[in-house]
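Across the two complexes that follow, subunit A remains constant while its partner is subunit B and subsequently subunit C.
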Partner chain A sequence: MVDWADGKTCRPVFPLEIHVAAPGMQSSESQHLLRTTQHALDDLNEFAAHHLRLKLTNDTSTAQQSDDSSEVSNNGEEGPDTALTVRLIAQDGLVVPKAELHADTTQLDVFYPPSQVPIPSSSNPPLSVFIAEELQQLYGEEKATVAHILSGEKSGLDSVNPQFAESISRRLRRSMKYADTYHLSFSLFTPGSEPSSWDIEAAVQEYLAPLLHAFAPISNFTVDTQVQLYATFSPMAPPPVYDEAEAAWTLKKEDLSAFVNAAEWPLNPSIGNGPTLNFILYVPAPSQAPMMVKENRAFSWIVPQWGGVFLLNPPLSPADKGSNPAHLSQEYLRPAFMTFSHQLLTLLGTPTTPASLPLRLQTLIRIRAATLLLSASSTMGSLARLTESLPSIPIPATVASSVSTTLSHLSATCSHLRSGRFNDALATARVAETEAERSFFEKSMVGQVYFPDEHKVAVYLPLLGPIGVPLFVGLMKELKRIIAGWKAQRRAAA
Partner chain B sequence: MTTFSLLSLLLTLAVTLWSSSVLASSDYHEQLFLQPLPQSSLLASFNFRGNTSQQSFDNQHFRYFPRALGQILQHAHTKELHLRFSTGRWDAESWGPRPWNGSKEGGTGVELWAWIDAADDEEAFARWTTLTQSLSGLFCASLNFVDSTRTTRPVVSFEPTGGHSSTDGLHLLHGILPGEVVCTENLTPFLKLLPCKGKTGISSLFDGHKLFDAAWQSMSVDMRPICPPGGECLVQIEQTVDMVLDIERSKRPRANPIPRPVPNEQLVCDTSKPYNSEDTCYPLEKVTETGWSLMEVFGRSLQGVCPLAGSDGEQSVCLRVPHERSVFTSENALEIKKDDGYTRCFKLDPSSPFDLAVHEQQMNTRVPLEDPILHAERTIVGHGQERGGMRIIFGNPSETAAVDFIYFESLPWFLRPYIHTLQATITGRDGVRREIPASDLVTETFFRPAIDRERGTQLELALSVPAASTVTLTYDFEKAILRYTEYPPDANRGFNVAPAVIRILNTPDSSPVYIRSTSLLLPLPTPDFSMPYNVIILTSTVIALGFGTVFNLLVRRIVSLDEAAALGAQNIKGRILSKLVMIRDMLRPKATKVE
Partner chain C sequence: MITLLRLIQSLSLLLLLIGTVTAEHTSNWAVLVSTSRFWFNYRHLANVLSLYRTVKRLGIPDSQIILMLPDDMACNPRNAFPGTVYSNADRAVDLYGDNIEVDYRGYEVTVENFIRLLTDRLDEDVPRSKRLGSDAGSNVLVYMTGHGGDQFLKFQDAEEIGAWDLAHAFGQMWEKKRYHELLFMIDTCQANTMYTHFYSPNIVATGSSELDQSSYSHHADNDVGVAVIDRWTYYVLEFLETQVTSANSKLNLGDLFDSYDESKIHSQPGVRWDLFPGGESEGRLRTVVDFFGNVQNVEVENANATEPGSLKEDLAEIARLVERWRKRDEEYSAILGNSSQHRRENEPSESVHLGSKMTEGPTRMAEDNSWGKRLVGLSVLGACTAIWVAGSILGRSA
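The block that comes next holds the complex of A and B.
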């Protein structure tokens, strides 16, 4: 178990399989291109644990198929997941190659001028270098993140500039701990009585459900919503200030942490396992509208590891002057839910690049698998150290079985990672993490840990006191006698 | 036939009217009912009712239904819930029948009963535990102490009030905490459940200091499904707060709450008394009705109308005083007098605060108060640490009709009743006590004996009390001796025994009427709690004494007298030491000495 915690048993690696489809090239040409590109990639790569493996598939249709299957867990297949499909397309009229990433699939189209097809003799053709650099850039953030996770606090990669590393560690700090199930709680808060209803069911269905569906292999979600009227600011929070220049009520950036009135707003976590992410749609009172953040004129912000806030300034109804609409239609909610989706991605730790959502989710799977692997391993290590330092602690049979499940799943995760099956790796890592936590927080063990020895001393004090006093006095007497004898000896010697 | 109280009839009428008109959609209503009671008391009855469709409840889209409570109910698979927080005692003899016919009140402390959907009893109990623990957190009450010893499954005392699609698989569980002190920390979460949060509408009158200063108060939360025939199913939450305020007491300013004697010149004296003089006065009872206003009694005024509360024309405040009584209200409030001669309701202006003032006035008519259907009283009798007895007195004030009811009590396991000692005596209007077999009155019995430390006794009796008579039931019980660790810190205060619940069956309009007795204190034999420490200290002292003796024997150096003199006489210190030794030897002549 300590070996796991020290990382001796498993050194997580991330071999990403990238399919290259070059329908416009001859087989030998494409083979050569593949080889040279792989070379170029290996030269560029400085982080050995995370490397890209190119594989040639000339059949476009199979590439498309495996592309689909990479979205879902491929338990049946033995082969690794396909991380990305690169299609090489010849295009006339180009001087330099050009890459285009599909935003909704895991496909990268590389357009190249036909003249740049590498001849078999060339050792470093420009097209290969271009593709390698493109891929390197695509996985740059992921690589840095994985390196950051694996190496702990200090930045894993030397070449990553400190600003980038800082942004990664900030993102990791903001994001929630991984959980099987997240509860999403959407709340409409307003200081007055209006708006008192919103088209929330339709909005969730329309704007959020597709995103949650895409997350299905990683986590499950429950959604609940509420409307809370007469939600006033906390008396401790600084009130918004009217800014003449902006003609708006502004909140200072440093005061945003006090915006959510935790004492009065009913934002208790949802019942059941898993953390709650709170999304607050705040409609300011007509007397304080529009409201925005002073420094950057923003309407929304993220509360790290807790949720997000969006200030919605609906057009005031002209009919009777200065009142909010009584009902928020789906159209009004659109910008808010776009922001909430973005905030959700950030809170769940999704990287900001590349542009394609499926690729980002795949990256998230790998990051989560790595995080879980490390955290379960370190939990095991802590448990081992705990049992060694407290030999009297009783270990129930359930803990023992949990530990063995954890260890078996950890090694399964490791082997899945090694062979590039990241969905499976995440699944096993999830089991390992749950079992590890369960064994560490076993109630009967925790109770034993907190029985201090001081209590025993307190009970025996009436005995120890009367016995200790004559012993102490005797000891003093003896010491005095020895000193006296020693002095006498010295005097005798003198 | 028992005459039925106008007050309770009115309230029931209001409820039925509401429930029929309200069922259409998801909406919210609130109403405040005020009625001065004899002895310068004021009954204030708040009612808040919100509906949400079953579909949005299941999908966790909460609008009028509080999210926190809704999630707890879903998590615990609870289909119908009734939660009560009560303090004080309803004085039925002077105040008449209870508001809502007693169906919205609980026994002293906290009472909870719920219908839980579960496959079997064990699962139901597991979900019940989840429910009590979650509610405990939500309402800041010790509901998590409702364990198996405090949980019962009443058979006939409660009926589901909601429209359940099928009652199979529904388990009724009932728990009561008679010792729980209800206070402001329970009111705050209660107010948070309301859509208007105590900021506007009638809930803006709530002030913890006034509410819990009342002579009697009861807060209730009821959740039930309603399925109108042919319509969409709804989930309804109804919250009520009923309180009886002593007007004089409430009118005292908060900064200076100590009652002061009435100044001499304001005293109304009985001048016919022979001793009446400048400094001697026999005060006359007031003939006028006490004057009060909302501001004086509640310490704040009513902040408009909760804008969610339904349609125009909703009369959210009703007052029950004779029509001849002059009532002053804030401007913009519309007064509507009802035909019954006693009730008037007010339509409030949504934006401006509302106050209502009734001045001191001499009245010819009074609002009639009817007699309750049944008087009930329960006491513990007997003496000593080992045995005791329970005595329950039922009085039927009606001259003509017998009263049929269910008597339900759940006793803690350490009170062991002997049901074979159950005896009944009946006293007619002639005042003659006659002993009759209990089976003449008790038509049905459900008895579930206690198991030590696992469950309490459950006793349900179906009784019938003949007209114009008083029935006394008695039985004996034995007090169990608890384990040392089972005693609470205030063991000598006694142990709370939950109130009995009485459900009257033959009511005129077949709506349930409930009466609850007061809770009881059962003194149990308490041990001397310092005993273990005494034992530890005594034993330790004995061992230490033995040890000291042996230790002294072992370490004492035994020298002859000459040696001692030789050792000592060398310097001043030695001489002093030898003196000390001599003194010690004199003090302890028994010590070992060698001549």
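The block that comes next holds the complex of A and C.
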């Protein structure tokens, strides 16, 4: 157990398999290209745990098939998951190669001028270098994040510039801790009596369900919603100020932390076991109608590890000099829920860079698998140290079985990682984490009071004293008798 | 070989870096505990409620405050001001107010529950509002008050928590990374003995009185009839209420501890720094709102930025996802619609059938052989009466 915590048993590695399809090339040409590109990649890579492996394939249909990250695991049993498909397409009239990432599939198209097809003797063809750099850039953030997680506080890569490292650690800080199930709570707050209803069900179905489905291999979600009328700001919070130039009521950025009236708004419902992410849709009173953030005229902000807020300024109905509409239709909610989806992505720790959602989710799977592996391992270490340092704590048999489940799933995770099956790795890591938590937080492991020794003596002395004294006196008498008898015997003998 | 060397090099560099970097915390939790019951301990509940009000004012939401109150002074029949609790004779602020959330109350406040709370060894069905959900990034404030002695604090006149118990609980919290930094405050007689055994790092502890010293109450309200607040808590609160006026206050723990005035407190308050990395000089620099307030480094989204991962990019991606999903949904519903139509033509009665099945109300408990039971009961009753009658007759004859 301690070995796991110290990282001696498992050194997590992330071999990413990348398929390369080059329909327009001879097979010898493409194999040479592959070899040189792999070589260039290995030269560029400085973080050994995370490396890219190229594999030649001429099956162009794989990219289409794996556009949903959940479907990737279908072919996971034997071979590793395909992280990315690179298609090499010859295009006339190009001077330098260019790359284009498909935004909603895991496919990278590389267009190259036909003249740049490497001849088999060239050792470092420019096309290979280009592809290698492109891939390196694509996975740069993921690599830095994984290095950051594996090495603790500080990014393990030397070449990463501090600003980038800072942004990564900031992202990790504001994202929620991993949980099996998250609870999403959508709340409509307004200071007046209107709007009093919203098309929330349709909006959640329409704008949020696709994202939640895409997250299915990583976490589960439950959703609840509420409408709170007459919700006032906390008396401590600085009120919004009217800005003549903007013709709007503005909130200062440093005051935003006091915007949510934590004392009085009923947030954080204690539903389920998972942590809650709060999303607040605030409709200001007509008298404070267009409300925005002063500094950059934004309408939304994220509260790290807590949720997000969106200020919705619906068009005022002209009747009786402007009041909020009584009902918010799905169309009004669209910008808000798009923003909430973005906030959800951010709060769940999705990395920002490859500009394709499926790729980002795959990256998240790897990141989560790494975090869970580390946290479950460190829980095992904690439990081992705990049992050594507190010998009086009772440990039931269920803990032992939980521990063995954890350890077996940890080693399964490790081997899945090593062979590049990240979906399976995450699945086993989730089990390992749950079991590790269960074993550490076992309910019966509270030795209610750890008595110090002097207390034990004080408690047992009145009990043992009356029993002990006759026994002791009896023993003394008996000894005396034996000694007397022995002496008499010796005297008789003498 | 070279790579190995490089690895070792980078590792050693890393260790150096970890040593110097102090990460900031990401959330705040407060555990506020009163341990005594009964009307004459009014002041202990008032202490806790005053502190509850302060941390709430400085921004910790109710969901991150665990409040343990063993008695209900507001509804005590002896309370001349029903429904209220005051910590000052001027009765300016009603601490009970109309919005307080007591998480553990009455006989739920026990040593066991307190230790379970800290170590999170709770049943699965205990709600989240009764759990300390802190993690490796949380700063935790633990405030306790009650009657105590040398290395113990009494809970509810029935049991006590020892200094070792508390130290082990914090030790386990540290093992499981349940706090980033912890501020322990205790107001009881001989309070400073309670934190002598702590061994886990990143703890600052402070107490109201030395070994063999009492902690005194500050003043009594003659209309309430009992003392309403303890001295040490009173002056801590005075500092917090008059100096730390906003959640952006820059005052630090050093300022708070320097404000202790022994001539006013009538006992010697203590502070323990040695568990804190960097000791006193480093610990003094922590701001008061690091523990009493709530960090919220909100991030405003820039609607105009276009770098990857910004709002606009994400919105485009999400919109694409939604669009794709809608298409799939339409296809799916088209398929489903066809098939359901098909079915409807064939067997229209099925859905009706299903409907009637769904509305199944609760059924009465079966009373299969109630007459038999009644008969048995009657015969038992009869037998008992017979024995009694026989006994009384025999007794008279004897």
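Keep in mind that, in the parts below, the second predicted complex is superposed on the first by the 431 of 494 C-alpha atoms of A that agree within 3 Å, B and C clash if a C-alpha of one lies under 4 Å from a C-alpha of the other, contacts with A are read in each partner's own complex, and residues count from 1 in each chain.
As a working rule, contacts are C-beta pairs under 8 Å (C-beta built on N, C-alpha and C of every residue); 3 or more make two chains touch, one makes a residue touch a chain.
All values derive from a computational prediction rather than experimental measurement.
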With the two complexes superposed on chain A, say which partner A:Ser257 touches: subunit B (first), subunit C (second), both, or neither.
second
Have a look at where A:Ala298 lands relative to subunit B and subunit C in the superposition and call it first, second, both or neither.
second
Using the superposition on chain A described above, determine whether A:Ala458 touches subunit B (first), subunit C (second), both, or neither.
neither
When the two structures are laid over each other on chain A, which of subunit B and subunit C touches more residues of subunit A?
C
Once chain A of both complexes is superposed, is A:Ala202 in touch with subunit B (first), subunit C (second), both, or neither?
neither
Using the touch definition from the top, say if A:Ser341 reaches subunit B (first), subunit C (second), both or neither.
second
Where does A:Val241 make contact in the superposed view: on subunit B (first), on subunit C (second), on both, or on neither?
neither
Taking the superposition on A as described, I'd like to know which of subunit B and subunit C A:Leu479 touches: first, second, both or neither.
neither
Name the residues of subunit A shared by its contacts with subunit B and its contacts with subunit C.
264, 268, 270
Touching residues (chain side subunit B, partner subunit A) in the complex
56, 59-63, 66-68, 71-72, 75, 134, 138, 192, 195-197, 199-200, 306-308, 536-537, 539-541, 543-545, 547-548, 551-552, 555
In the complex, subunit C touches subunit A at residues 3, 10, 13-14, 17-18, 21, 23-24, 26-27, 56-57, 59-63, 99, 111-112, 115-116, 119-124, 127-129, 133, 135, 137, 159, 161-162, 164-165, 168, 171-172, 175-177, 246-248, 294, 296-304, 307-311, 313-322, 324-326
Interface with subunit B, subunit A side, in the complex: residues 185, 193-194, 196-197, 200-201, 222-230, 232, 264, 266, 268, 270-272, 459-460, 462-463, 465-467, 470-471, 474
Name, in rising order, each residue of subunit A that touches subunit C in their complex.
48, 103-104, 151-154, 156, 158, 173-174, 177, 206-207, 209-211, 213-214, 236, 253-254, 256-258, 262-264, 267-268, 270, 273, 275-276, 293, 295-306, 338-339, 341-343, 345-346, 351-353, 355-357, 378-379, 382, 385-386, 389-390, 440-443, 445-446, 448-452, 455
